[in-house]
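In what follows, chain A forms one complex with chain B and a second complex with chain C.
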Partner chain A sequence: MGAFNTIAFKPEHCDGCNACMTACATAKTGSADIINSRIQVVADGDTFELALCRQCGDPKCVANCPAAALAKDDASGVIAWDGSKCVNCLLCTVGCAYGGIVYNAAAGHVVKCDSCGGDPACVKACDRGALTYLTTANIYNEVGDLEDLFVPGLAGCQGCNTELIMRHTLRRIGPDTVLATPPGCVPGMGSVGYNGLTGTKVPVFHPLLTNTASMLTGIKRHYKRQGREVNAVALAGDGGTADVGFQSLSGAAERGEQILFICVDNEGYMNTGMQRSGCTPFGAWTSTTPVGERGKGKTQDAKNLPLLMMMHNCEYVATASTAFMEDLYAKLDRAIDASKRGFAYLHIYSPCTTGWRFPSAENIEVARKAVETNFVMLWEFNPRDGLRLSRPLDEPRPIDEYLEALGKYRHLEPEQVGHIEATVRKNVEQIRGLAEGRRAAMA
Partner chain B sequence: MSAVLKPKSKAIVCDGNEAAAWAVTLARVDMVAVYPITPQSSLVEYLAKFVADGKLNAEIVDVEGEHSVLSVLHGGVLAGARAYTGTCGPGLAFMFEPYLRTPGMRMPLVMSIVTRDTLTPQSVWGGHQDAMSVREVGWVQMYCETVQEVLDTTIMAYKVAEHRDVMLPVNVCHDGNYLSYGASRVELPTQEEVDAFLPPPSTNWHAALDPSRPMAVDPLTGGSGGPGPALFVRYRKGQCAGMQHALAVIEQAHEDWARIVGRRHAPLVESYRMDDAEVALVTLGSMTGAAKDAVDEARERGTRAGLVKVKTYRPFPVQAIARALSGVRAVGVVDRSVSYGWNCGPLYQDVIGALQFAAQRPAAMSFIGGLAGADITTDHFGRVIERVQALAKDGVVGETVWLNERD
Partner chain C sequence: MQQTEYLIVGASHAALSALQAIRMQDAEGSITMVTRDDALPYSPTVLPYVVSGRSAPERVALKDGAWFEQNKVGFIRGAAVTALDAAARRAKLSSGEEIAYGKLLLATGAAPILPPIPGLKDVKFHVLRTLDDAMKLNKALPNTKQAVVLGAGLVGMHAAENLAKAGAQVTVVEMQPRVLAGYFDAEASSIIEAAFAAKGVELLLGAKVSRCETAGQGARVTTDTGAVLDADLLLVAAGVAPVTDYLAGSGVAVDRGVLVDDTMRASVDGVWAAGDVAQAKGFYDEAKILNGILPSAVEQGKIAGMAMAGDPAVRPWPGGVPLNTYTFFGQQAVSVGSQEAGETVRKEADAKHYLKIVMKDNRLTGIFGINVPFDPGVMWEIILRRIDLSSVREAFIKDPQKTARTIMSKTWR
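== the complex of A and B ==
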């Protein structure tokens, strides 16, 4: 069975404007009366509850129906109601725990959401971001059958998204791969292994922290010489990429080596005790930029590594976030393809539950806040089309929403927050300028 | 595809850097990584030109520094390539991190050290301080006396490195200035002769990165629990055993080479006029020629002088040295580098260590010369012989003598 698209609701973004219900009622009945809406958003104290068909995988409404009037569509996953078979017994409404199928007096029978054929009117009407149409299930459908090239039981910290990055990227890249994981969290969780045991099913090795791109160069060049198509892939931390690993990275990029280099950026040396790296942002606490009577965290801004790689004119450069997996997958595909022609660089942000000090359940939400506040920007570059924004930078959420989610910024004073705001603004203008420059050049 | 080198065995005139490049070409290496540094630069220029001219069918990787030079070759070797590079001095210092790792990974690659004195004072001239500074890292190190020996040894180095009982990297050391730029007549072996001597490399399946046989290369090993300590010791002991096996393999390689091309070089140590010698010089590298002349002159004066040249420095041929020097009354060891901690030459340290195993142990003194490109002339060696004669008489080991102190 495949996975399906779905409508997701974030009550914290909802202000009860009813636009979704108006849109639904209009789309389905021609009347704007929200009584006819298939989606019902109901105030519940300080928050809102959603009554909407979840298009369940094991739908009780279908099981309860004695007339076979309800059926789940195998292709779309939508539970369809067939009026010609319905006997109006309403047993379906009893089965549904979500208020997703209800009797509508005007219609004279039950009504439910049909996802508008994959383009739901309610989502389009919501300008608060409370409703989103999630299509990420495609990822499962497309790669779910591909072999996970890491063994179960890698020993990452609780809630870390690096393991997610490793498993998702490598299963897509495939088994004809040699994987380099320089010292850091990636091998730290057992991917290369310990005393004779390994966590990886493809050839894997520890390069030095300094020479990942160079070792991959030798591997790739020799296999090419032999006429063999082997992917040379790095999963490296930001220290092994931006700091001590940068010389070999820059050299390989300049030479256009056919390598896919993935930087898992957790903004510091998190594996070895949360020390500062060149990618640590201004103000952040680390164990070498501690907070005390005088110290207030890092006193310099982060090095913008993906931009540096863009300036190498790599075959492909992109930033990605695990809060936006469809985008990540699309970029991964383009990076894999580009690495067959030249150097491909993928920079994936990896909030560190341990080193950034936030609850382990919140990793993806922290990643999302980083993007939605423009602290992290998602874009991609290739030499022909220039830089393209992956999502608009307009109307970011307030930076406080991101900073307050992280213990490493707990000590920030107002002027430090001001500095970070100014840095984000400057970074946004820089990227926007590059993206608009692209459009001008293309026009 | 085979290399297209077609000359019959013939004599050419070339310097040591070109000789090394010819050897690399004849050895059919798959991969060469390049970064220039004086006095090695012309060596990699020759290789780049040989590739451009179609003489050498190798993947040539021009990288951004010596650290990457060796790192690229690590990748190549783990994918099954026969690999080569050369460096010296500051370049060797910069590549120390991957250099340190090479023998532990049992990578049979060959790297020339076109020896150069180390900084500081700033210097671009010859001296053994660079190679000596890395003598305990686990690479096989062989020092050449002549341009011909550079060529022959560089080919033999692959036979040694890739031997299944060795599987270790080899440094072929040839003296900056004196051998790198000194031209002489060289017999060039034919491709057929080299092919008969050196079979294609076979993959070391103990450490290989090939998707057809996935494995983890160099996982964490050691720690205080589980199989860690025993596993780590096994690797270390195996590495030491490989070094010791290299002594016999080097001798066999020299024997095989002599059989095929008709040229015989001493594999571990060369004894020169040692049969009835009372005093002996111990030398390393290109200084040996002048030292042999000085021995001849001393003999003409009636002094029973001899010489022992150390060809293979790591592994140190302890027994061969002990045998060669047993019975002489006094020894002068001439180093082209220093051991700061001992205030003498490093070869001297090794020799007095080896003399513990000599049946009759002679007195030995340390002489240091030829730093930063300085010439060690027959006059210098004549003075060394005189000092060693005095040592033979009184047995009093004096302070280290610095040969170029007043030059």
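== the complex of A and C ==
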């Protein structure tokens, strides 16, 4: 059984316009009467609640059906109703605790959502952003059977985002790869292995922090000379990319070496004890920007590494986040492709449960908040099309939602928060300007 | 001798639900399913529709051979378990074969009760519990002019409707003063009774059959109220009782059904029971009850399967809640919970509609409706969770469907 697409509801964006119900009723019955809608939005004071078939994985409506009239489709995940078998006993409605399958008097039988065959009318009708059709499951269906090229049991911290990035990216890039993992969390948790065995199922090496890009350059050129098509990939931390490793990186990018360089940005040297890096944001606690009577965390802003790489006019530059996996995978595909022509750089934000001080179960939520508050912006660049936003920057969530989720900002004073807000605003304007400049240049 | 890790006796909802739960946890352990029926798994609940012709017998199978193969299950049909040696963990089949098992699930369901009516065993009559029964009734339907149904429970009422639709003159004899007494009160039952009366079905309520005798090709039924009914088709639908005869001498404790604890474990090691055969805790008090309804069978089967496979996510049986749905002549009756466990906070009835809500300490204990929409599954969950409705009490009483959906969306979204 694969993973399935699903209709998601964000009540905070709903204003009770009923367009979804009208669209559903019209699509399913030809009548706009919302009593016939398979999706039911229920007003509760100022908020809205939802009754809709969840297309459950272990559906009780199906288990409760005595007539084999309900079945979960293996391909789409949709629970289908077979009118030629249904006996109108209504026991499915006893099994469903979500109001997802109900008797409809006009139809004379039970009705339920069938996702409109993968193109739900309710979602198309919602212009408030309350209903979305999530297709992230496609990633699992597409790559779920690909081999994980890291060994089991990497020694990452509990809830580590970087491990996710490592496994996802290498699985997609595939086995024809030589991997460079300079000092940092990536080798720290075991990519280079123990006792003479590597932690990967592809050749992996451990360059110095300073020479990752130049070593990869040599390896890539060697294979090219041999006539072999090999992906030369770096998985490096932000310190190894932005600070110590920047000279060789900048050189390789400027020369257009056919390399994919992935920066796993956890905003510091987390592996060695959580020291600051050039990517550590203003105000953040690290072990070298301590908080005490006088210290209040880092006193400088982070450098904008992906923008620096864009200025190298690389074949491809993009930022990504594990909270937006479809976007990440799409960019990964384009980065792999671009690395066959020139230098590709992918900057993936990786919240660090240990170094940023938040509960290990909340990593993806933190990553999501970073993007939704515009603290992190998702975009991509190529020399022909310029910079393109992957996600609108309008209507960000308040920055406090992000800062308050992290222990490393717990000490912040109002003026520091003000500084961060101003920095985010400035960064947004900068990126927006570049994106609009592209549009102007293209027009 | 055949050996199996899991032996499941029975092949309906509880058995299938257990099987799926086992496979969720244990992908490889050998499973054997044995059923006394010579058919693919089917639900007793679908049988009235086989009688009416709505469901073709070959289309009611809940699972097919491919499914058993895919789930690596040995499926033996047409073989009943006749004896159990729980100490040696062996079951004896009617074929004479013995099966050694690691863990055993008893899901043998129930069989019709034959009331001690003088002369009953000497006349031709039908019951309705197996696919065979249903096909026989379906065959008899076109030739039936006068039918008598003993019992006004769900089986009897469904059959009476189908017989009437097929053109027979139908009389239902029921000891209770109303139909479906297990699920509805007098006002609700009267709506159902009126629908049957309008279709020409005669209901003899509060009447007891005192004698049966053969008369011509059919049977003659005499009641204690003095009625004498001639029937070319007699259906006995006086309820069902768990099938436990094969457990004699096994050491498995049986009261009215197989006594089980909150994870469906029977009194001896390595044995579980679920569905109509099981006697498990009730929801409203701790006494162990028979609650032979399909949704309970599904839940109990799942719990038993999880417990048998050692699934750590198994949650204890919350207790049986009486619930059922009943459609008659295109109308819908739904009964969720207990009439008696609380006080009635809303009740209204007209000729076609009925709604009753019962609460105790601002918690829902039961809701009953005819042709009034609400989501029974949501209501069941609200009862099980004992959700405090004090803050939404008025709204709930006014519009139970909408308010319950709001509670659902907020509480277990």
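One rule holds for everything that comes next: the second predicted complex is superposed on the first by the 371 of 443 C-alpha atoms of A that agree within 3 Å, B and C clash if a C-alpha of one lies under 4 Å from a C-alpha of the other, contacts with A are read in each partner's own complex, and residues count from 1 in each chain.
What we mean here is this: contacts are C-beta pairs under 8 Å (C-beta built on N, C-alpha and C of every residue); 3 or more make two chains touch, one makes a residue touch a chain.
In this text the structure is predicted, and so the values were computed from the model without any measurement.
Note on chain A: of its two partners chain C and chain B, the one contacting more of its residues is B. After overlaying the two complexes on the shared chain, residue contacts for A:Asn64 are found with chain C alone; chain B is out of touch. Residue contacts after overlaying the shared chain place A:Asp44 against chain C, while chain B stays out of touching range.
In the superposition on chain A, A:Arg432 contacts neither chain B nor chain C.
Within the superposed three-chain model, A:His13 lies out of touch with both chain B and chain C [touch as defined at top].
In the overlay built on the shared chain, the residue A:His222 is in contact with chain B alone; chain C does not reach it. Chain A residues in contact with chain B (one complex) as well as with chain C (other complex) do not exist. Against chain A, in their complex, chain B makes its touches with residues 30-31, 33, 59, 61-65, 67-68, 71-81, 83, 97-98, 101, 208-211, 213-223, 226-228, 231. Considering their complex, residues 40, 42, 44, 49-51, 58, 60, 63-64, 66-68, 85, 87-91, 93-99, 102-103, 105, 108 of chain A touch chain C. By the touch rule above, chain C contacts chain A in their complex via residues 13, 16-17, 20, 24, 42-46, 49, 54-55, 59-62, 294-295, 298, 302, 323-325, 327, 330, 332, 334, 336, 373, 375-378, 380-381, 401-402, 404-406, 408-410, 412-413. Residues of chain A touching chain B in their complex: 175-178, 187, 192-198, 200-208, 210-211, 214-226, 230, 247-248, 250-251, 254-255.
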